[in-house]
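Right, one structure below, let's go through it.
Here the chain labels run A, B, C and D in written order, and each chain numbers its own residues starting at 1.
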Amino acid sequence: MNFKQIEISEKLVPVNYLKLAVESQKSKEIKVKELFEKRSLPEEGWSDDLIEYTVQQLTNLDSNNFPHKAGLGEREARIACNLVARRHYSFGHGIGRSGDLLEAQPKAVGSSILSQLTNNMLLQLLRTMGIKSCQSSFLVPLATGMTLTLCFLSLKKQRPQAKYILWSRIDQKSCFKSITTAGFTPIIINPVRKEGREGLFTNLRQFTEQLDRLPNEKILCIMSTTSCFAPRNMDAIYELAELAKKYNVPHVVNNAYGLQSQYICSHIEGAAKHGRIDLFVQSTDKNLMVPVGGAIVAGFNEEIVHNVAKSYAGRASSSQTLDVFMTLLSLGRNGYLTLSRERKQTYEDLKAHLIDFADNNKCSLKHSKFNPISMALYLDNLSEEQPTKLGSMLYTRGISGTRVVAAGSNKTIDGYEFKNWGTHEDIEGPAYLTAAASLGLTSCEIEVFIKKLKECWKDLHAQMAKK
Amino acid sequence: MNFKQIEISEKLVPVNYLKLAVESQKSKEIKVKELFEKRSLPEEGWSDDLIEYTVQQLTNLDSNNFPHKAGLGEREARIACNLVARRHYSFGHGIGRSGDLLEAQPKAVGSSILSQLTNNMLLQLLRTMGIKSCQSSFLVPLATGMTLTLCFLSLKKQRPQAKYILWSRIDQKSCFKSITTAGFTPIIINPVRKEGREGLFTNLRQFTEQLDRLPNEKILCIMSTTSCFAPRNMDAIYELAELAKKYNVPHVVNNAYGLQSQYICSHIEGAAKHGRIDLFVQSTDKNLMVPVGGAIVAGFNEEIVHNVAKSYAGRASSSQTLDVFMTLLSLGRNGYLTLSRERKQTYEDLKAHLIDFADNNKCSLKHSKFNPISMALYLDNLSEEQPTKLGSMLYTRGISGTRVVAAGSNKTIDGYEFKNWGTHEDIEGPAYLTAAASLGLTSCEIEVFIKKLKECWKDLHAQMAKK
Amino acid sequence: MNFKQIEISEKLVPVNYLKLAVESQKSKEIKVKELFEKRSLPEEGWSDDLIEYTVQQLTNLDSNNFPHKAGLGEREARIACNLVARRHYSFGHGIGRSGDLLEAQPKAVGSSILSQLTNNMLLQLLRTMGIKSCQSSFLVPLATGMTLTLCFLSLKKQRPQAKYILWSRIDQKSCFKSITTAGFTPIIINPVRKEGREGLFTNLRQFTEQLDRLPNEKILCIMSTTSCFAPRNMDAIYELAELAKKYNVPHVVNNAYGLQSQYICSHIEGAAKHGRIDLFVQSTDKNLMVPVGGAIVAGFNEEIVHNVAKSYAGRASSSQTLDVFMTLLSLGRNGYLTLSRERKQTYEDLKAHLIDFADNNKCSLKHSKFNPISMALYLDNLSEEQPTKLGSMLYTRGISGTRVVAAGSNKTIDGYEFKNWGTHEDIEGPAYLTAAASLGLTSCEIEVFIKKLKECWKDLHAQMAKK
Amino acid sequence: MNFKQIEISEKLVPVNYLKLAVESQKSKEIKVKELFEKRSLPEEGWSDDLIEYTVQQLTNLDSNNFPHKAGLGEREARIACNLVARRHYSFGHGIGRSGDLLEAQPKAVGSSILSQLTNNMLLQLLRTMGIKSCQSSFLVPLATGMTLTLCFLSLKKQRPQAKYILWSRIDQKSCFKSITTAGFTPIIINPVRKEGREGLFTNLRQFTEQLDRLPNEKILCIMSTTSCFAPRNMDAIYELAELAKKYNVPHVVNNAYGLQSQYICSHIEGAAKHGRIDLFVQSTDKNLMVPVGGAIVAGFNEEIVHNVAKSYAGRASSSQTLDVFMTLLSLGRNGYLTLSRERKQTYEDLKAHLIDFADNNKCSLKHSKFNPISMALYLDNLSEEQPTKLGSMLYTRGISGTRVVAAGSNKTIDGYEFKNWGTHEDIEGPAYLTAAASLGLTSCEIEVFIKKLKECWKDLHAQMAKK
């Protein structure tokens, strides 16, 4: 409300009281003005009130919220249930138009601005985290896996003969399914161990072999992954990008939860500069702490990125956009950087605690600078079903997210068989337990985890002794 | 809260007062119990309070909302912004598991139940509206177009050689893009006019010719559309289903906003019984009055439907599920039937008003029983830019959703050229204005529309006179 | 937000889309501007969104919500619990200043405006309902009884010798306690029956006798009541006002739930014109359908009314003000008039139903034009405990608000004894059941009531038969 | 919801997933059960979700929220405006019954429990803060001043001849008005200075003289104050309590914002043990950080306290009760103790900063252990209008709550004249600025204050230099 344009009578409140109160609003007005005019992520986070105010002003600009309107179309963004209208701030029209997620809707000016502002802020966030050369990015209201599928389908339009995707194996189901759902044939390249170094590394030799072997036009792209469970390390994206450039094939990076790490981001930036990355995709839930359901498509060439947006058939939910919009305003640039720094610290804390645990319990912790998020506690001394039992005990006690991985479990997905599913490799090794320091993990949670781990360990050994 | 299991002291309230108050809760408890045990759409709508209560009980069952938990995984459904947590009732884990939208998540029991209940209620709604033989259905948090793409990609797994989709032309961009995005080649079959009958009909002859001509294994499916802008009528799905059966090719029905019409639904039921429909897809926003972003995939064979769910790579947003869950509880079976009946009545009212307008203004209204939602006002007497001008005048005055269509505008989408885009046919005809009676349209809106139409008409002629 | 003062880039949304959307906001802006500038009740009700927007703009003007502030006082309106802050829209400072409920607070400009606007709208509402000469009114966040106490204490400052209040008996406890709590001695004047007319009437003769008998300066005021349970009628306020004028004593009217009735309001207007009414008090919950806890003090002389406001020691809760503010904006003048008219109609319906019931069940309905809200069903044929039993049966079946009154129950309140408490008179009569048609009663509720009444009646007679 | 009483089909979710999720709810269930069964303040604060859940369960027990009900009374707690219903969680019936704020309402079981639980928790809080002998307490939805008025009116019923209140002067308007509004004559006893000690002390000699002089039955009570602006110290309540006991007159303590200080609370406890305190009153906003509008009446004799509750004429708003209920659950016992400890620390910080400022700017800070909240910065070197100017400069810069007090301003309230209003004494002294360390003050606010104070000081001297 612009109190300056309303003549508030002295009968309501003395003019000098009012003046001071109106003045005090100035800093908020400037924030809002800057957001719309500069279209960039604010330095400091906003208050919830100011965020809601801004959102409400935007929703008013959508035609379904106009005071006097009549809707004679097949889609008028009517909302039947009050609770639903309320939780969506009466946004109903979604984002994008039939043919293009990035196009403005005449009927939904507020939603269109919401979407553009969010995409602009995301781009700035990517750059802030270290991917300075990033040229374009947008939010797509799809899971990361489906978003990768969309990227592949979009690339296919430029490479209509393409059939294969060269994929550095990672045992995460939806990552693999993103290939088969898009109708491509995966060329699975198992990672390898290197002498004297922890973890699994990209098998560059085999990538080169395949690139040499397969007809270029039959290859859709190389697909690499940056964030993964230990002991798999992030792929050698620098070298893969060089190969992509050399062989002139597209390169798609699955950066699922890598945005939260400046280390990973700097690798993406470096790889793109010296080699070729066409598109990289990250999920919003893991990197921005919003509910599951969105991903960010980004790249170093505006047209390639925009082509993905043009592949989405139909307009899409604006719910994920709203979540990200609110979250980015709530955190601000500095808030996100602080979260990211804290995460790095919790990684160190978790590592220290687990090394200590390992030292005292005859097991060993494997960690590598090439995986700055996840680490693996090797349960060398446990046998048979004990590792699985440990995992289940932890879960029952409220520890979620750790996973016990043991070799020997094979799995067939969409006709492709994987040996030792979960371990990322065909060679059998000892069982281990992974733990990740992801965004938002608190030191209090680490303490609870270590405490419960010790309890479970004790109980497990007590049970062993009984037998 | 189970007040029966808590001993409430007389010091808080006299026992006889309390007893009566606790008894009064019984009817609510029964409703909730029935929902969970029968898993079916309630007859009568629920109060907002009871809906929110149920939702809150479910969200408590998701592990991110457990009181004492530690999350050591890469995805722990932390929510950074309070406003976001609040609007999602703290649901964060989405629905489905990596490989299957219909699978329960161990970490997210509440979300899993929410999703299953919603799908069960949707199935009952489809049956209530007349598709009694429907065997399976589920909500997918994607636009209708993208959902069709997903259906095609899913069918492809059974028909790996398939390349073509036989498509009865409808000039709606995302419907067409659903084919090209999935990587298929559309065989475009223009609808035809029939002597003595209003509107455009499916060109069955040409469908038969193509089915004869193309190798069966190269055809992915027939794609028909039931809900569309006049003067195009719904496709002859009965006959197309017979062809699909005869030629043994899948048949996918785009029922975008047809669920709201019992007439259309009864055609789907009939077609499936006598012929073949593999999958039919409808959008949630248009049929259930929720925000844009979801679709319902349904079919008459559980496995075919489930295969679509298995094609979605990654877990998906639960936001659309929550919207539909709340809306269905809020309306109940009877509430939805009432809305549907009212819609039918508004169609009649709109028709009567427009016939009256046409009679008085030398234009003509085209309507057909084969399009129970949309009608076309032919602007026979307007010339050149006047029709477009009329459309723009209406929009400026707050009338949304009507569209003025004039021949002569060609359009190329993904390499395919369409003559007279918007008219669904290559033959040129006079300009017309469409208006639809869709779910939720009020008689008050019709009055506003007719009033504004008259005003615009008058202004338009006044401007003509000046020249 | 003033989109006109922000330069929204074409990159966010095309300028012509934006223009139309911004234009559509005009009607809302005008509504808000008029509210602040004219300070009067809007003709038509506002949408919830617009109400919340206005409230949020006001709360921003309170110093506890200023972005950069430091509070070094003993009272800084900090709010510890988020839920509390949210439900009060962060209003914390209350209304008024130490010495005067109507004074603006420098620290709380928004609250001050909220309070003044509410009082202005209430004055207009009183006039709309027929009390056209009303000069001043304000909301006090106190129950009606306590507000009457405050009025008496305020009048006492002008009449320091006063000891007595002449009170036309009504058997409603807090009404009587308002006198004793204020420290005055009630002169209880029982109402009387009149030949040939229904109900209990004011005993004007005894009022005159007491006015003659007592020293004028010892009398604080006459206290009359307009809204009451049948068979008591509203007091003869016209004649009492004449007596008050003639004898030069103040006259306070307890108009507890009379504001909803134009009939009662017109009597207040007439009485004030021809006689003397100093203050009249009505509760907000019964007349405005807000939660219990507020009252409106009004009168025909600004100073007398203002003196009551000056008697309130300390600043007061703004919660009731906010409720009334929101409710008045939500209803608008026309909304309230509609509710009031509907109430009048439900009175007629209820009467017709009960006459019908009485005719069929050998009892009789007593109603009078001098009580336009409540009526009494005389249970002539029931004996002993049956009436009480009937009342309890009704309550158990979900009928609230009816009360069964039987003579013979005496009660002592603050040392004063009342014979036949509940009947308003010393003479014993038959038992009866009262029912009221108050604001918001629906015809559906009447039907439920009559149905349950018939059931209970039948059960009661079945039980009798058994004995 | 009691998931244990609902048979959740395996079709909704696997039974082992569900079991774990249901188990995880146990700790919440226990919390709720304990609250209702033990009726005491929880040790640890609750989550917002659990608080809202509990509140919603209670509101369901009020008859206006019963699913099938018909209301035929004059007061049925209907709520017209959705926004109002929502913010009150549909509570509408208020608390108490006509004659007694502490009585349960048959129609409003939830509200009754809410009220009783809140009063029980408040009693425990008073004891926790050090008033261990406190026997009874209740929340009254009135400002502190009006609550004192109610206490006086209640005492009057036991001392009908009483006319005078012996009042230790404190220049806070509503405190004084609480006496005159109740209709009593204040005997104003100015505090005195003591050699060698800071601040103003109770003039015990004069109290004794007045108690000797006035007829005992004419004295309603002694009224003392514990929390006040420096340089006035808290009254010598220990000695006043002894006098009250010796002379057999009631003693009412205005403990406005003293509950937050264990030091003040321990004095009340001590005074009550060795002498006589009938009632002590504290405001909820200042001590519990809720919006203005409530007070807590407490005492060491249940009957005396209950008599106050019986004096409130009519039922009262439950809004303040709800605020306090939510806040106490949100903080828990430990949360409140932490806040109280932090406050004590901010007092020390503020003192240190101001001493430092005083040392560097030729002024002096007066503080005393007898005022543990407020301190006074004596502006010895400023002359004429400078102190007032300083106050206004600070306020304009966002510092609220400090007040500049200068002698020489006389004021008449309800006919009583006060010399040097604001200074609490007749003798003129130098101007000073007060600052308080009240509950919730943050160290960040102290820094802002000191920074702004320095800025203003500099500007003020720069202006002086110019002249």
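Note that in this section contacts are C-beta pairs under 8 Å (C-beta built on N, C-alpha and C of every residue); 3 or more make two chains touch, one makes a residue touch a chain.
Model, not experiment: these values are computed from the prediction.
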**Prompt:** Taking contacts as defined above, which has more of them, A-D or A-C?
**Reply:** A-C
**Prompt:** Interface overlap for chain C and chain D, more than half of numbers shared or less than half: same or different?
**Reply:** same
**Prompt:** Through what angle, between 0 and 180°, must chain A be rotated so its C-alpha atoms fit those of chain B, rounded to a multiple of 5?
**Reply:** 180
**Prompt:** So which chain is farthest from chain A, going by the mean of the CA atoms in each chain?
**Reply:** C
**Chain centre separation in whole Å, for chain D relative to chain C (CA means)** = 29
**Item:** Averaged-CA centre spacing for the pair chain D and chain A, given as whole angstrom
**Value:** 49
**Complete:** Distance between the CA centroids of chain A and chain C (whole Å) is 57
**Request:** Could you list which residues of chain D touch at least two other chains?
**Result:** 20, 24, 52, 63, 66, 68-69, 82, 106, 395, 398
**Message:** Per the contact definition, I'd like the list of chain C residues that touch chain D in the complex.
**Reply:** 48, 51-52, 63, 66, 68-84, 87-88, 91-94, 97-99, 106-107, 141-146, 148-150, 153-154, 156-157, 172-175, 177-178, 180-183, 227, 229, 256-257, 285-286, 288-294, 311-320, 322-323, 326-327, 330-331, 339, 350, 373-374, 395, 398-403, 413-414, 435-436, 438-441, 444-446, 448-449, 452
**Message:** Taking the touch rule as given, give the residues of chain B at its contact with chain C in the complex, in rising order.
**Reply:** 20, 24, 82, 395-396, 398
**Prompt:** Can you list the residues on chain A that touch chain C in the complex?
**Reply:** 1-3, 5-9, 11-14, 17-18, 20-22, 24-25, 27-28, 32-33, 36-37, 39, 47, 49, 52-54, 56-57, 60-63, 65-69, 90, 104, 106, 109-110, 112-113, 116-117
